[in-house]
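Per-chain numbering from 1; labels A, B, C and D assigned in written order.
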Amino acid sequence: MFEHAALEVSPAVAARLPGWRDVTAHLRSRPGGRVVDVLRSAERAGQPVVQPRCGVGGHREMLALLRALEPAGPAVLSVTIDSYTRLGQFAEAARVLAEAPERLNGYPLVAHGWQRGRELVAAVGTPLEVRHGSPDGRDLFATALAAGFTSFEGGGIGYNLPYCKNVPLADSLRAWRQIDAVCGVLAADGVIVDRELFGTLTAVLVPPSTSIAVTVLEAVSAAREGVRCLSIAYPQGGEIHQDVAALRAIRTLTARYLGAHVEVFPVLHQFMGAFPADPAWASGLILYGGLVARLGGAAKVVSKTDQEARGLPDATANRRGIRTATVGASSMFGFVELDESRVAEELSWIEREVAELVEPVLGAGDLAAAIEEGFRSGRLDIPFSASRHARSSIIPRRDAAGAIRYADSGGLPFSAAVRRRNAVLSDSGGALRTAGGDETGEMAAMVHDISYFSRRDAA
Amino acid sequence: MFEHAALEVSPAVAARLPGWRDVTAHLRSRPGGRVVDVLRSAERAGQPVVQPRCGVGGHREMLALLRALEPAGPAVLSVTIDSYTRLGQFAEAARVLAEAPERLNGYPLVAHGWQRGRELVAAVGTPLEVRHGSPDGRDLFATALAAGFTSFEGGGIGYNLPYCKNVPLADSLRAWRQIDAVCGVLAADGVIVDRELFGTLTAVLVPPSTSIAVTVLEAVSAAREGVRCLSIAYPQGGEIHQDVAALRAIRTLTARYLGAHVEVFPVLHQFMGAFPADPAWASGLILYGGLVARLGGAAKVVSKTDQEARGLPDATANRRGIRTATVGASSMFGFVELDESRVAEELSWIEREVAELVEPVLGAGDLAAAIEEGFRSGRLDIPFSASRHARSSIIPRRDAAGAIRYADSGGLPFSAAVRRRNAVLSDSGGALRTAGGDETGEMAAMVHDISYFSRRDAA
Amino acid sequence: MITFETARTVILGVAASDAHAVANQLIDRHLRAHGFTVMNLGVCTPLTEFADALDDEPGAEAVLIGSLNGHAYEDLHDLPTLRGRGRLRRPVILGGNLSLGAHKQSADLDRLHRLGVDHILQDVAALVPLLDMLRTARVPVAHGV
Amino acid sequence: MITFETARTVILGVAASDAHAVANQLIDRHLRAHGFTVMNLGVCTPLTEFADALDDEPGAEAVLIGSLNGHAYEDLHDLPTLRGRGRLRRPVILGGNLSLGAHKQSADLDRLHRLGVDHILQDVAALVPLLDMLRTARVPVAHGV
């Protein structure tokens, strides 16, 4: 029976779990190595490590998948969770698991139970992270802790707005505050659980400052709960100067808003939007992502595969993706130098935009309430929100160079200077767009920008 | 019966060929498009086109191979010739063709005959080039012309020294002068046959100025015979500033030594030395080659495959190689900018070194005799010569950045300034080398430098 | 923009376990641009919610469901039951990424048809023509029996 | 550098149709560094030329042949005939890339052994140890019968 004052776990799940002391004792034994150690050594080496996404329904199949991927040399492996478990529909996950595990799009860890989780951790020498997308990740977190995972992804904003329709931010923020609080307790006790924040959000045309503003707010909240190790993920947008600047901004901005007592590891998610279907373009984009990660100083890069546009990758494609990302992040491409003044210019604007977004919120007494109110009023916002609890009245657009700008910043409290720059740059992209199909104007432009890489499909 | 005053074809081969008028009439009908047109449009587009190597013994298999590769989008396809045919051992080629065509490492065009050659040309919409390595290419050339090929690789130096043991340069230079003279006659008649010069030489640690000096001498000789369209190939060495400078030097130096009446197309051969066995590193290197080609302004890039280190590629790997090279040469990597001052510095030294090598030779009355004498005396030289007719007393070495330098320039007539720079830079590489196995000194350094990319083999 | 004499309404949404929002929002805009009134139920919409919406909006011509996450079959699992109860009696048009994995089989689509999915589209551009065609050939209660 | 009481000689070369020179030159240096006298016949060396060299240098311990271009079998085709005539009666050691294509089969090597190739090496580092071993176990005329 799992019990910790800081964490409300649903009784049915808690009943199946071992006690807190067993859980912490097991974690302290570091069964599968710790993610934090891997990240620290990546930082020292100045070369990002690679992590794939991977999760299948069956337990035996999941063990086989982890073992199949390990030889490709990832430094962290994932247990990607299925959609039912993410949404807390554990019974539905268990039903499909019983009927046809191959029809689940991830590993239903809660349905499998923590003992099997320990088997996963023990199966490979590479430490594991749970990747999911649960607005309320508490039951899953308790199970993952009991299993001995040393890294857990998610946050009250980034795992709500892109991942469900109608969970109030107050609820998700509260759930994740509890998770962070437990990590804080563990950290105080020397047990470091890496908490990764999903700055990727809805993945498609996410302006860097939107991504970073959200993760900064989550990071401050986590740090206040005692979290000491944060991985902060940013999704590759496609314009390298902007992307490199964004990764660097994660360091400068967390230094500014968190202070030095929290370790921060910038993470690059390789391009998360519509992927090219052609394997050669897809591989090129994966290599490109590795390159961006290294130049941006990311500690980790989460790899895609050349089957991304088609469906969940098989192990072979996933291995290839890990290897291709590794090559892209290697010294083979060490000759690539960027126009540093352009990066610096992007960096300063990202810093400014993030400051304009987060400072009013951080200034408020109750952070969670301020975040909720921000999204309600539109002073915080994300594009393409899956949730009703963000307005999605911002309109992102690529500029002539491919960088993502706010064509319309909706209700965001941007200064006139920020608005002006975004308007000018957004307009610069217009000339490049040829109307797609029978759509016109706004819609054609949006489709064009979404398809930035996926258009590259011809032989 | 093929007859042209300029070209001595062996009687047995000539007897099987159609007459000169039939041959030229057929060429004039442009059965499969012309390589020169493809190269011109690549120049206009500012984006290199891609060409694979490909050749198998059987005729049906060769047709199938060309058809399998065409959908990958190459702009030129190759008919790569087997080793027996290259060496003029047509009977041996015919014997193996009859017994076990799958055991030939290329297409024995002479044994198959010109009619089948026409079938190859007709089979695909993409124009074809014959790629071989024949010190005396006359019989093959006559057969290829009759078949309607519009591009023919080779030269009296580059297809001698790397490709045989004991053919005097006088003989090969004479053979290739005849081939060039026929191309001159055709060109005067409006039939443009692209002549590609194999600056790749022995492919392993070839200093750029050695490659370019050889092709400049061959180019001048060809131009004197009336050739109007030259593709000049340079092998990627591995250090991008040096490689880009070398490709650019092809333009500046041919402009200097040829004049404007000859069209010159710089060609990059993707890395021609010991290739990495791991497919991910191999693909990375192929993509890298595409990148170098575009930045260097090559009109064409000859692609490798991710099976290069293992053996002749299957069609699937070859297709992948074409596609990967295409991606590398595409605007996806348009953001890569080089330190142009470094490129300019390399360019000026390459120009200087080439001038010091070729000008004494070009000054002589009889160019062929001067070339022969140059190699005899060591004032012209190549590393790792397969032939006895070059001294191979130059010792190439990588510097700290990976660029190829003359650690010892042997008998090359370099100025003191050139020698000094090469000595200093060669030494800079020493620190990076860890002794390999039980070898020491010289030998270990050489193995280390040869294995520059193939060392990257671990998962 | 084209306008129509009579307002045409469709119900749109994303399957129960699926949070992919982008295509949903683009299709919404696309249909509005073609003169449709779109009741967009958004992501993570169980079939019962589609059925309730149709009860509220009986004039809707069709029910458009997107599924990207590979769970189409599981998420539409209860379609026969609902139809058996007389609900969702309108053409169900399905689109997206309809099974798991990178190697698709036609059996994946057959299975969905057997659940009672009326039309499977690969391409959003085929949507309006299909809706027009369905209106012309309209036999409202024929679906799902 | 190691030196030996008695000079040890080997014959080295590349197969008849094969012009790959780099490994040949490195192996030459390697063997010299280990005290061998190397009669290097270079690239494109037909078997008869190896046989002639052995006639000229009957003290040679072994004949080392490299083949990279995939033609090993064809280029060594006449080994049985030559051996039948009493020539090349010395261990023939073969190395390189010994068949065509990226997917190698053990049958490729079996075929070469059946021609009379005595030793096939993957790795140059194994060469000197093999030569030492052969000298110890020397039965000069046993080969190629």
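The rule is simple: a contact is a pair of C-beta atoms (placed from the backbone, for glycine too) under 8 Å apart; a residue touches a chain by one contact, two chains touch by 3 or more.
Each chain and its UniProt protein: A, B, C, D = Methylaspartate mutase.
What you see is a predicted model, and the numbers here were worked out from it, not measured in a lab.
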Count of contact steps on the shortest path from chain B (Methylaspartate mutase) to chain C (Methylaspartate mutase): 2
Lowest number of touching-chain links that must be crossed from chain A (Methylaspartate mutase) to chain D (Methylaspartate mutase): 2
Inter-centroid spacing, chain B (Methylaspartate mutase) versus chain A (Methylaspartate mutase) (mean Cα positions, whole Å): 47
Centre distance in Å when chain A (Methylaspartate mutase) and chain C (Methylaspartate mutase) are each reduced to the mean of their C-alpha atoms: 30
Chain centre separation in whole Å, for chain D (Methylaspartate mutase) relative to chain C (Methylaspartate mutase) (CA means): 72
Touching two or more other chains - residue numbers and ranges from chain D (Methylaspartate mutase): none
Per-residue multi-chain contacts in chain B (Methylaspartate mutase), two or more chains: none
Interchain contacts (touch definition) - all pairs: A-B, A-C, B-D
Interfacial residue positions of chain A (Methylaspartate mutase) with respect to chain C (Methylaspartate mutase) in the complex: 83-84, 87, 89, 92, 96, 102-103, 105, 133, 162-166, 202, 204, 307, 310-314, 317, 384-386, 388, 392, 437-439, 442-443, 446-447, 450
Of chain B (Methylaspartate mutase), residues touching chain A (Methylaspartate mutase) in the complex: 71-73, 239-241, 278-281, 283-285, 287-288, 320, 323-324, 326-328, 330, 332-333, 335-339, 453, 456, 458-459
Sites on chain D (Methylaspartate mutase) touched by chain B (Methylaspartate mutase) in the complex: 17-22, 25-26, 29-30, 33, 42-45, 69-71, 73-74, 97, 99-104, 125
